[in-house]
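Following: one structure in structure tokens, then a few remarks.
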Amino acid sequence: METGINHYGIGDSIDTYMYIKSSTKALASNGKPFLTLILSDKTGEIEAKLWDVSEENEKTFAGERTVKVQGDIQNYRGRHQLKIRNIRVTTEADGITPADLIQTAPISQEEMMDKITQFIFEMRNPNIQRITRHLLKKYQKDFLTFPAATKNHHEFYSGLAYHVVSMLDLASAIVKLYPKLDKDLLYAGVILHDLGKVFELSGPVSTVYTAEGNLLGHITIMVNEIGKAADELSIKAEEIMILQHLVLAHHGKAEWGSPKPPMVKEAEVLHYIDNLDAKINMMDRALEKVKPGEFTERVFALENRSFYKPNF
Amino acid sequence: METGINHYGIGDSIDTYMYIKSSTKALASNGKPFLTLILSDKTGEIEAKLWDVSEENEKTFAGERTVKVQGDIQNYRGRHQLKIRNIRVTTEADGITPADLIQTAPISQEEMMDKITQFIFEMRNPNIQRITRHLLKKYQKDFLTFPAATKNHHEFYSGLAYHVVSMLDLASAIVKLYPKLDKDLLYAGVILHDLGKVFELSGPVSTVYTAEGNLLGHITIMVNEIGKAADELSIKAEEIMILQHLVLAHHGKAEWGSPKPPMVKEAEVLHYIDNLDAKINMMDRALEKVKPGEFTERVFALENRSFYKPNF
Amino acid sequence: METGINHYGIGDSIDTYMYIKSSTKALASNGKPFLTLILSDKTGEIEAKLWDVSEENEKTFAGERTVKVQGDIQNYRGRHQLKIRNIRVTTEADGITPADLIQTAPISQEEMMDKITQFIFEMRNPNIQRITRHLLKKYQKDFLTFPAATKNHHEFYSGLAYHVVSMLDLASAIVKLYPKLDKDLLYAGVILHDLGKVFELSGPVSTVYTAEGNLLGHITIMVNEIGKAADELSIKAEEIMILQHLVLAHHGKAEWGSPKPPMVKEAEVLHYIDNLDAKINMMDRALEKVKPGEFTERVFALENRSFYKPNF
Amino acid sequence: METGINHYGIGDSIDTYMYIKSSTKALASNGKPFLTLILSDKTGEIEAKLWDVSEENEKTFAGERTVKVQGDIQNYRGRHQLKIRNIRVTTEADGITPADLIQTAPISQEEMMDKITQFIFEMRNPNIQRITRHLLKKYQKDFLTFPAATKNHHEFYSGLAYHVVSMLDLASAIVKLYPKLDKDLLYAGVILHDLGKVFELSGPVSTVYTAEGNLLGHITIMVNEIGKAADELSIKAEEIMILQHLVLAHHGKAEWGSPKPPMVKEAEVLHYIDNLDAKINMMDRALEKVKPGEFTERVFALENRSFYKPNF
Amino acid sequence: METGINHYGIGDSIDTYMYIKSSTKALASNGKPFLTLILSDKTGEIEAKLWDVSEENEKTFAGERTVKVQGDIQNYRGRHQLKIRNIRVTTEADGITPADLIQTAPISQEEMMDKITQFIFEMRNPNIQRITRHLLKKYQKDFLTFPAATKNHHEFYSGLAYHVVSMLDLASAIVKLYPKLDKDLLYAGVILHDLGKVFELSGPVSTVYTAEGNLLGHITIMVNEIGKAADELSIKAEEIMILQHLVLAHHGKAEWGSPKPPMVKEAEVLHYIDNLDAKINMMDRALEKVKPGEFTERVFALENRSFYKPNF
Amino acid sequence: METGINHYGIGDSIDTYMYIKSSTKALASNGKPFLTLILSDKTGEIEAKLWDVSEENEKTFAGERTVKVQGDIQNYRGRHQLKIRNIRVTTEADGITPADLIQTAPISQEEMMDKITQFIFEMRNPNIQRITRHLLKKYQKDFLTFPAATKNHHEFYSGLAYHVVSMLDLASAIVKLYPKLDKDLLYAGVILHDLGKVFELSGPVSTVYTAEGNLLGHITIMVNEIGKAADELSIKAEEIMILQHLVLAHHGKAEWGSPKPPMVKEAEVLHYIDNLDAKINMMDRALEKVKPGEFTERVFALENRSFYKPNF
């Protein structure tokens, strides 16, 4: 059986190391303060409540710290919640670092970068290739460590790069089946579509939205960046406008944040690939937590659906 | 340059053989009868008007007949329309049969059947395999000749089977990238999802909806067929319910005709594969008609969007 | 004045026997466990909270048990809630059985069955009559005891049969006013429309949805059952398809769960009768709890409306 | 077989008297004027085109006149259209009056008035009775001759009164099955709900909307009238407000023209009765035109549905 | 720095006089009663919780009373909440009256009345002028003290009149820029549009909806009032219908409560002026609570948006 | 009475000079070619049909040419249409130039530029001032001649600048009433909000969308331009992001093309000013065509409403 917080069920007891991703103080309905902790290990995360906390507790269990915790997994409104019996901050003697407990992409940054570089290397359209390489290089450091979102899917360390790598594999398979697709364009769209997240989000951990993220959004930011890159590289070609369109349209519909719907074939395919990879990722994680014959908790980003895990 | 009716542009003259798919009589606004003909060749179809027709014309140019036609392609409200200069029914001397002019799948029925049979052969779950084989065999003849729809996508001879074959290729590629997917279930879903169309539609050519198609629809019909097949094969297993769910949910949302949304992972993926293949098919055909730097006519089934064909 | 839990108002004290329909444990925001009990008598049900429960309490007050309870009715977010002062499990000496406290249809199973049988007896179309009799007989036992839903309306013992009987009376009155209606078809539609609930729901009490109910739904299940019944009775006639359509379309719209809207006159009328009976039932129960000049609590299934009880 | 324009089918020839309900001049796409006539007899109406009309024709065949017409019924975009071969204005010798050809309620104004009077007579609540009698008497003449609408349902002479009479029968049947309903209130609601149409519409024939109808609408107008009537009768009682609410809410939803949804039980039932009678009326007329086994033309006011007439 | 409850931030301590606008008793999740107080001063209001209250507390801190309170402002689900440390009812010695603490319009009733009177005085259309003066005079007392709503915007003492005065200023500025507008009509629309609130709402403080407000609404009520006023003044002119239309249509759309959309130019402009003044009012109050560089709490009536206060 | 094409009514005859804005060839339903001309003078435009055109006619009456035309104004589906009796191309002898007939802003380019320059001059925030001046100067020529749209509102020569000037007046009036508004920011938003139209549209006359306009849209284009301008001016300040937000959000909602809704107060006000000016412009032009007591034709961009012109 697989271990880790995402594999435990209701009623299981745990005694393990975890990482405090965030810690929020609030007042209980009896007027006393308590902390809502989001605890993670490599497999996922769980919410936990720490009741009747002192001011000292509050400081001790502030976010971004590793802890040893004993407790029981309970059901709270259809979701898992950890009832803490004991919790303490780790010491050097525990031999545990945040890196042991933070969820991260299953392959290394180097491998991901190599793979993406190979895709860029094989592009034959020099305008598309240069723009893509230029922008990836410019934001490479953040691209390799940021999550793809604050929640819902790929919301872990290096999640952004990992999402791109999975999408490139999908794009590559689809291009083989529908050879009229312009693969340079599609690959560039995959690599750049969410790169604006390095402006929209605050960083690789304890990620929140920046003011720029709220007021402009990663789509608009990235369309601008492509325009500026073209100026810097002195590229004046239709490829720029089309790449901007792919990024602009990748949410598929105005009400989902794309002011223009896909109007180029590769833009439509990019939208599908993005959705398919994100949805499989979300379903997988919800299904990991249940046994055959059970339904998962409701997944908000999947239209609040609950999924069934067959017995066969 | 490719030839065929789908590759001509506004202003081109044609002198070619075509097949009358349908012929509808109406009154012009001057009170005189005219015929609206849908003419096809292997590459597509076009609307044509025949003005001031006599009763004899009407019979001569009734549907499902091959003709020799001269005329000019014009723009009518953003769509191609053929202005007929001359038209005559073919004679034996022309050496032309409907089969030469009817749009059909690009691969033969035998090849398609072999490919699907191979997918069924490799299934390891005996319940899924038996149900799929049983139903395919039962409706094989119609399955291999029916279109996938009356319009929008794969609306040609053998279009249903061809859509399934393309989707199997997509499913196979996706299963390799996301190995936790149950491939037997997904392949069976692909093969069966639209099989109810052999009840919903009237036949392989001049296809219209049957009363059963209007009142029950191919989804409900097929869910029933799976239930009956299970009875005939004496299979009482959860696989039946899950296969019925895949068929039931493949339109994705209640307002699109699925009374239950996908609630099993393979059902969600099936919905995506179905959409992706249909949409690429529709975009390809719209884009075939335009030159680089132009926009296509609006495609109703793609939210009435118009697509741009880049210059590079 | 009428007695029973549905007739008490805010501020009333009660000292009565009740039945625990369900008991759910949760953690209070002070970290201590409490039980949320749904208590019923013949007139309705009320939510009650039992605070700071021991493990023994938890077992004692698990669901499906009769209790003696003292307490006060209070207002909680616009709804009635019982504040328990004392609660104990009944003993033989109390002379109380669950049947005394479970909400049930106001007429007996025998009377309901007699009435429905009479309606079937009077049908003149043999195909409709045989199918209806066959299916009713096959699922008679569950049909007579199941509720019509888990909540909202007719969610009590024998609620399904009672809803059908009320609808038959409505159908009969309407058929007299609009004599062109096919009454056999309409009555059969009424009797069969919700019969799939015996698969969709888990049983007559503590009712939840089954996996089949979630993945296929009572409409699809019943359409299948009609198809299988036709095979068993060797009926090959249009009546089958039309009856399936009536069941399929009785929710009225795709977004309400009917993949096809009513396209036969009796299907449209069935949809109206179903809604009208359900809505009057819901309004009556909400209005029972308030005094003239007051508004009821909001009724979620009636678009969250609140209803006014006039003073005259 | 029933005769009359609503009972003829495509391809039938007619030679009969008809009434010109309206006549609209327009230009054909060859630049010549033509008239679009709406011709009626007792059973219904049909559109007809008169091509290449002279100025004299135009005057001769202006609206509200009886004619003798020969022609053929044809299919125009899924609807019946009359192709006129001969048309002439009737003379005294024909012995035909408009009253012989205008569609009207199937029972006389006297019978309708008697029936409604009886319902009012039986009311026990004096406030409701007085208001209803007062308003009916005030607008009796128009009430008995106006249609219920310009199109869709009951759009004929005396259609308003006939719709009310049918609804009273329905209300009476429902009140017997659900005796907690306040029947005085419900009957008054039925009688008054559409009375504002005598302001909203221009008259019993060639009916169009008035400016007041467009800017205020029959609902708002009637709510005002109830208020004024109460002042005139010096009734200050809650019944006034509730009756106003019934009228205000009878369209059921804000987006259908009721600024408040039904919040009194009888208001909800009134909304259902209104809809049910209107919809059966619309379905009946569409179904009259087709043979068993056929679908009707699409009915716009029934969500553009087409209805199937079973073969049994 | 500005003082007052609307200007404090999270973490600030207060020691001040406040007015209890409302006091609601509920049970904490530990089963003990507590009070939710809405406390106000001139600048705004804040929610506060008083835990574990005795029956005496409950009476002491019932609504509409002035208190002295010490406590801390905390964050509760993104909103300000006051944690009370001490609270006592004021005595004569405090020298504080409700009028010192109740939020009210920033200009006096007299000034507002003068301004509105001036606008009426300048009207040149006697019908519009007489109706407006008549109705304003009839309901002047309530008009000058009622709030414009129970929440969202202008929900304070004299808020209704203040909203009207601001709108008159806006109307006056717009009329100067678009001189084709009928200014008499527009000003009358502004003055009368919300006057029905004096029926819809219960009074100037602790405001709730009346039964009439719920069942008919201020729009319908006011349209009736205009009709009655016209009768009383024996005005029979189109101005009445148009004024009724302006009031009827001022919410802009059926789903926002206007059964007819604006169909007269001044009606459309009235709708805009109403919205613009209300929205600026709401944004101002949300922005007052935050510092430059911060986002406000979400404002439900502004589509749940959060607003950013720039740093420059 | 005012003269010009926008002031004529149904039945009026005209004999005047007009400008052919566009000319589209199509086939009549009798198979013969005809031209649809859009003819304009200073007051507006009208559609006209020219039947049975020869190839020579086609060339003669191609777009962008001045003509002398006699004809009659008729009603076609609720809209004005000109029935041409005579038409000829003007000669030098007529002494008419396109400038005499093209609809244009009522004030000169110089006046508009002076006014806008004055607004910029008075800005106190140097970052906002420099960006605004820089961009206006860069695109000044096109800004002063382009229309604001291809149809609906301000779709005439210099319409874009005129719309901006009207909005500045509105902004100025509103800023005086709500002095907390940042007027520099609001004025800059007004000046820049639609400047991207100089890329989105093809030019000042016979205006169509460019490929860039279709694929990116004027909002996205202008947000990019602000970013590039900031780089060119080396401005790194929050003002840039906020200005970009104002442009991005000025359509108000995602489904109207703004991927972010207004989240800054001035952005919300900008959205209102833009709408109000556009709507008054559209209503004015529709109302110009009708007499008191009539309704206008339906205006698509105003939710397809028809407007009433009062008699007083």
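Annotations for the structure displayed:
Think of it as A, B, C, D, E and F in the order they're written, each chain with its own count starting at 1.
Note that contacts are C-beta pairs under 8 Å (C-beta built on N, C-alpha and C of every residue); 3 or more make two chains touch, one makes a residue touch a chain.
The UniProt protein names, listed by chain, are A, B, C, D, E, F = 3'-5' exoribonuclease YhaM.
Note that the structure is predicted; figures quoted are calculated from it, not measured.
Between subunit D and subunit F, the least number of touching-chain steps is 1.
Any chain touching subunit A that also touches subunit C appears here: B, E. Work out the mean CA point of subunit B and of subunit E, and you get 59 Å between them. If you average the Cα atoms of subunit B and of subunit F, the two centres end up 43 Å apart. Annotation for subunit C: residues 29-30, 211, 214-215, 242, 263-264, 295, 306, 308 touch two or more other chains.
Under the stated contact rule, the graph of chain-to-chain touches falls outside the line, ring, star and complete shapes. Looking at which chains touch one another, you get A-B, A-C, A-E, A-F, B-C, B-D, B-F, C-D, C-E, D-E, D-F, E-F. Within the complex, the subunit E residues that touch subunit F are 125, 127, 166, 169-170, 173-174, 176-178, 180, 182, 185, 237-239, 242, 261-265, 268-269, 272, 275-276, 279-280, 283-284, 287, 295, 302-303, 305-308, 310-312. By the touch criterion given at the top, residues 211-212, 214-217, 219-220, 223-224, 227-228, 231, 241-242, 244-245, 248, 254-260, 263-264 of subunit E touch subunit D in their complex.
Of all residues in subunit A, those touching subunit C in their complex are 28-30, 32, 34, 49, 51-52, 74, 76, 83, 293, 295, 306, 308. Residues 26-27, 29-31, 211, 214-215 of subunit E are the ones touching subunit C in the complex.
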